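After this come two complexes, each holding chain A, first together with chain B and then together with chain C.
For the complex of A and B:
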């Protein structure tokens, strides 16, 4: 029997299925493969975002001053299994994050155990299926019982240092007996504790104020702490409406209104009517309560203790703003600038601290970009998922049942296509009070299904007349089975390509919406929202605009190139 | 018929409602197949053979098709009256079908093992996937596919045409139906493979007591396979008889034409070149009139032929629908003449 394949059949290797062939051809395309790798890396980064950028430590061991017990907790782990945000996107990505840990944990031993045992391919397939399923199940477990995880991850060691506890007891007894009073009592107590300064074991980040500030007494240095933090600091959300200004001297006109005033130095007389000054400057040197600033030879004096405490947030090279007044020196000396409020402003990128700089609220750009990638990436996937499903259903019905169904659906498609979808989305979002990222996904999904529906309708019209469909019907398959099991897999190729391009455009749409202020509500980081902030501060803080912009560009380009490659790989005429 | 018939088609009419009018593609035909029997349905292209088989399976798209009347009794039930979901249970499980193009009849994206197993699972939803796959491999082995365990993992494009038709047969027979409708099962295959597939079909018929409705326009296949033969012309059965009778004493001028249009096994190349052809073509189905439909092409047509002839018995199970035959009697055709007809006789 002549076993020659048809002349137009693509060159298959033995035992290779259609999708294997497509995958092989896809991999042969360098640009497409690189793009695909970029997409995978982006998703891995999104999954690992909380491990890379977080204010919470992986590990936290604390011996409060005077206590005879040590408490060890794993705050980040607790966050992973019970995210504080109400987004289920967080759950999904956290699940993937845990999955990336359990997958090698389960599969590697399974592989090592069955390697070199001469197992039949069938048994190998079976085992690997079980291993992968097991890893998936294992990753899901902690989500089912977050309370259990929290409890299991908290360890209280009694009597961490019995000698210290004993000494403390004696001091308390002396205090009760009235032998120790006031300062002496406090000093004795501090000396009794072997370590009075807390120390933090950290990766390469210098400080972790947000988490520490939850423990007010730690700031006083009253406990011993060991902790390991993720590399990128994710500072807390500081709500401020002050905008970033270029360095200069601003006169305060109203609660939030400032005008740059044309003086060379604070020492010069101020224009009439301006009493309070906002000085935006780069810190040069901090000495005691005074700050020397770079831009002009001015010394900023800080009188109040409370304001002085804020100085520890400052470092040379930081931009900061100082709010204050000019104080005439008694006895004819030069007037001084006395600051009442100090706030570090956006910091430029630096190797040592914030790699990609901070925004005007002092939040790390890299951290926000990592955390924002979860939303920006899932917007693409979820909204495209929604509209591909819708399109398959609607287009499939039209193409399979034809006749009046087709007529009605085709008119509906034409109707929906007539609306410019971006403006439709804008209008819908503008009328809705409570915006969330899911709404954006849903609306993008509900307005963009027409393209896929048309594709699928065409494919179904073509395929429903093929013999294999007739023979499926002759086998007794019902309509649903024929539509979704027999026809749909044959129609998926063009849909996949359309979906790849669709994800790219959905990412763009979401960014545009956020840019226009219609995206997720403010503290939620998304790339579009970051760009919007960057645009407001473009003259002074280029890094706020450039990095998120580059991320969007990278993602959209990668999806488009991957879609291109997929289309080529599935087209037998472009085979090579 | 002596034995109880498995499938009995009575006065089946299938019309298509098209823009050009009503096409009476199948117009009042009756035949029956006994269990384990093979019935051949022969006729030129466009005479309604496929529509007949699709009507029996109720696979025609309605509209435009409409089964205007008749009965299809199968194992005591009228298939035309079944609910759609009951009909789904008959298809594949009790009556199966194989098609002309094995290449197109298999789904390109699934392995053949999957497709055979799926055919089993459709009618045995409670079966485990693994059992279905085991059965599929057995079925592939039984239709003569070498190394079925490995082949089951192949995709259709990796098989030759003959192999694919074997797979189609495996799919059709996995639920052990009682009747197989084979619509030109070998037309797309080359001659040696045709013979192998026909052998396989006959083998299956004998082993499983399978009844076969064989649709073809190859009289050689008819002679080899069928016990009884129905000759169709333009939506009608014009002659029906045991196969040997058809070849020995063709009664209808159309049957005679068909037989003459076929190379004799012993004839020389020279003779073959002078093969008779039936002049003209089957009229479009919308153009059928209420006269004898073969009349425009019939060398013997006369005035009588303006009225439609009915099928009439000419001894035993031999029946034909022709006024001329009826008038002249069987004797006139006892010796089918190879020279009695030429193109000049056509009444066009």
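For the complex of A and C:
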């Protein structure tokens, strides 16, 4: 392929630098350009994952029990600026996400302002640099004061509408008197509070669907409605706000009477993976007691200050009773407690809902795949970044100083190569107790630097005798300056190619690690972990297997093709 | 060339030593293995049972200074011999004219030069001081025999005529164990072994010292056992006491410790059982890779830019990007689908079905092959794709070289040009790539063996990772690296042997 001259591969255009030439050559290759675009799209999708596939509602209105005022929060916004996991890749991609908003926000006005003013190219360059830097800084602002954003995003409506407050009070009174029970109470309360706030959202019908992404909803059923107004009281026992995170499908336990819960909606036999049947109550409402399943004389004791009882083996037809001390909740009325049956269900893909199906915990596959792309993409970039830096440093030392340094480093490289790298990574991960995605990145980075080091060493050996290096030395440049300012830029080409292939293999490594259970800790969605679920349900859930695998394949192929294209673009035989 | 090969061969043991050092450093990160964890109350160390911790300590000599631990583990230094049970043998022979019948012998036994309690405490203190944070596990659990240890026991021995001892002697039974000293955790008992035919009318007096609560005995050096036999010993002559020699410890002597999860089996045994399977799998895969990729490469190079070449290039590129575990699971899934559809399918679990050993040879081979197809496929396709691309590029380069043009010009027919002239040279870089394949194959076999339920080294390592069986982990890591090192060595030597153009000596040829 190399010696068929491309029709549009002209020689250096005037004033064109080496990298501009490479970029032009790269763009001329169709497959490489497509794969580069795919990578960019993957990154954008990863950045926008919380908007596309969130487990958080855009807004959340709640009327706390017994109160006649609504509280509105914006969980998605809070999540964007203060991710739940303390230190994770979420920050990085959330920053990207906000950056994609601020970048056009800043750069577009800047462009419009300076357009047609006949500015000198230098001034244009200066302005655009400022604009981009400004966008970066603006995107970083919310992260510096997440508390401010969170507070600003919480709104308490103190009986804004007197009529609504009145109606709500009446409903509470009826409920307390026992006239309004069960579903009717919740419905009445929901209707009463459905005020005409959020006009814009309402006109888009968004107030009915507070999740921006309906297609990738992490949950099921009519959960959105409940998300706006979680049922506030006891009888119809359903999810409360607490149970919505971590995302999962929570089946229902139908509770017909106060304090007695008939287990009706659990499939028999329980599907694999059912882990929890909980009775949940908040501390100030119940205080210790027993939960009993009468049919099998099973009893679970709830400690004085425990809030949930876990009944692992509830079955359909069971009647569970709560028998315990009951503390009247503030404001009177019935105490709230909630039965929460985790009835995960792996659903096949459907056009109406869950485009790619759900996993065995009932979580949407597409949503998890989008969130998982954050892990895979960042592992690829960060670990390769680590080992390229290491490799440049070590290989550069060996190639520049030669002699004993070279000997020692060459032996070190030979030694590290002897360890099968995937094996080595696994063993190190197995010896370290704490699991985190950063550890995976670090270990991949620390074990895979040999290839780059060899490459750089070879380039340095080759270049260190060139005239430009000698002249730099004659000018009195120090070793460090010669190494990193003079030689390194000339040696970067092969390293970039190796890095592109390296990202591909790092993505593969990470997904293999996740598949084996040594990747990011469990609630984090990763592609490999999803495939593991697919393997465990191999008889039924093909969608768990096919889609995440295809994502890995797509990403790896894109990186490999881009690396291939880059190598061809840098091939000196192409520059004619 | 000889000098180069010699240099590589000399470097080999050094590299092996370096590998053991690195492995030891890595495993030292593990909780329970590193010295400090037992004192700081590491959470995961606490999760282990006492027995598991003991196995770890025994294998990695927890409680000693780090460099000593490495040397002990390696076998360059031998630790003190600390058996839980010690059986001393005292052979005796009987004079021909001795009177047969039941005799009662009395055995007096003591540890000569055993240290007393005060000295023991002194040692513990010294060890504590040296380790600072560490409560020395050895001395906590182990126990030196006290100075007063010893005593006297009686035993009845039945002397018979020589002719009667032709059949194999029954195994000796130790009866009535006595505590070695007041309050000592050790007890001792006597037994005697009937002689074998060669020994004539003699026999062996056996003295067993064992600990009730898995304490250790310290044998050798200061604490040499002394025996004195009295009683009715007329006509019997006793040989000097035989103290069983301390077994050689350390990797150099093939001792890799015991499995933490299953202490009844040694790591070496489990590794030895698993190694042939992995080697077989990898060997077949490498064979398949070469047998497939070389023809593909040749075809693509000779039919450059044809439809088939282009499509095969694309397909191979895609194969190269496919995650192997995904492909393996898809294969499994495919087999499940075939099975459910009632179509013929390949087995997906293990290498052989139960009871396969009883099958006739041909059928055995047939079954084994059927079981091997999927794992080998999953293990080899990635490298196959890479290697064919490599082969194609190399072949194209060679086909364009001058000597091929010459061969064509002198009228060689095309197959002869390709297979006689071009193939040999294009094979050189490909053959030497086998070393590069090895690490990824060994890494890959972890996943493939886990998916297909093959009990090779990969699966052994994976199980060890899940159960935190560090002794096995350590052994597999070290051995995997040894294999790779050997592979690299072989391919380097092959490289200089088959390619006369390469020379590593200064000055060149």
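We adopt the following convention: the second predicted complex is superposed on the first by the 358 of 576 C-alpha atoms of A that agree within 3 Å, B and C clash if a C-alpha of one lies under 4 Å from a C-alpha of the other, contacts with A are read in each partner's own complex, and residues count from 1 in each chain.
The rule we apply is simple: a residue touches a chain if its C-beta (ideal position, glycine included) is under 8 Å from a C-beta of that chain, and two chains touch if they have at least 3 such contacts.
Values in this document were obtained by computation on a predicted structure and should not be read as measured data.
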Partner chain(s) touched by A:486 [first = chain B, second = chain C, both, neither]: first
Contacts of A:92 with chain B and chain C, given as first, second, both or neither: neither
Contacts of A:472 with chain B and chain C, given as first, second, both or neither: first
Chain B versus chain C as contact partner of A:549, first or second or both or neither: second
Chain B versus chain C as contact partner of A:34, first or second or both or neither: neither
Contact breadth on chain A, by residue count: chain C or chain B: C
Chain B versus chain C as contact partner of A:355, first or second or both or neither: neither
Residue ranges of chain A in contact with chain C within the complex: 411, 414-415, 417-424, 426-433, 504, 508, 511-512, 515-518, 528, 531, 534-535, 538-539, 542, 545-546, 549, 552-553, 556-557, 560-561, 564
Interface residues, chain C side, partner chain A - complex: 15, 18-19, 22, 26-27, 29-31, 33, 43-44, 317-318, 320-326, 329-330, 332-333, 336, 438-440, 442-444, 446-447, 450-451, 461-462, 464-466, 468, 470, 473, 476-477, 480-481, 484-485, 488
Parts of chain A lying in touch with chain B, wherever the complex brings them together: 1-6, 9, 12, 14-15, 17-19, 403, 466-468, 470-478, 481, 485-486, 489-490
Interfacial residue positions of chain B with respect to chain A in the complex: 57, 59, 63, 85, 88-93, 96-99, 101, 103-111, 118-119, 122-123, 153-155, 157-160, 162-163, 168, 171-172, 193, 196
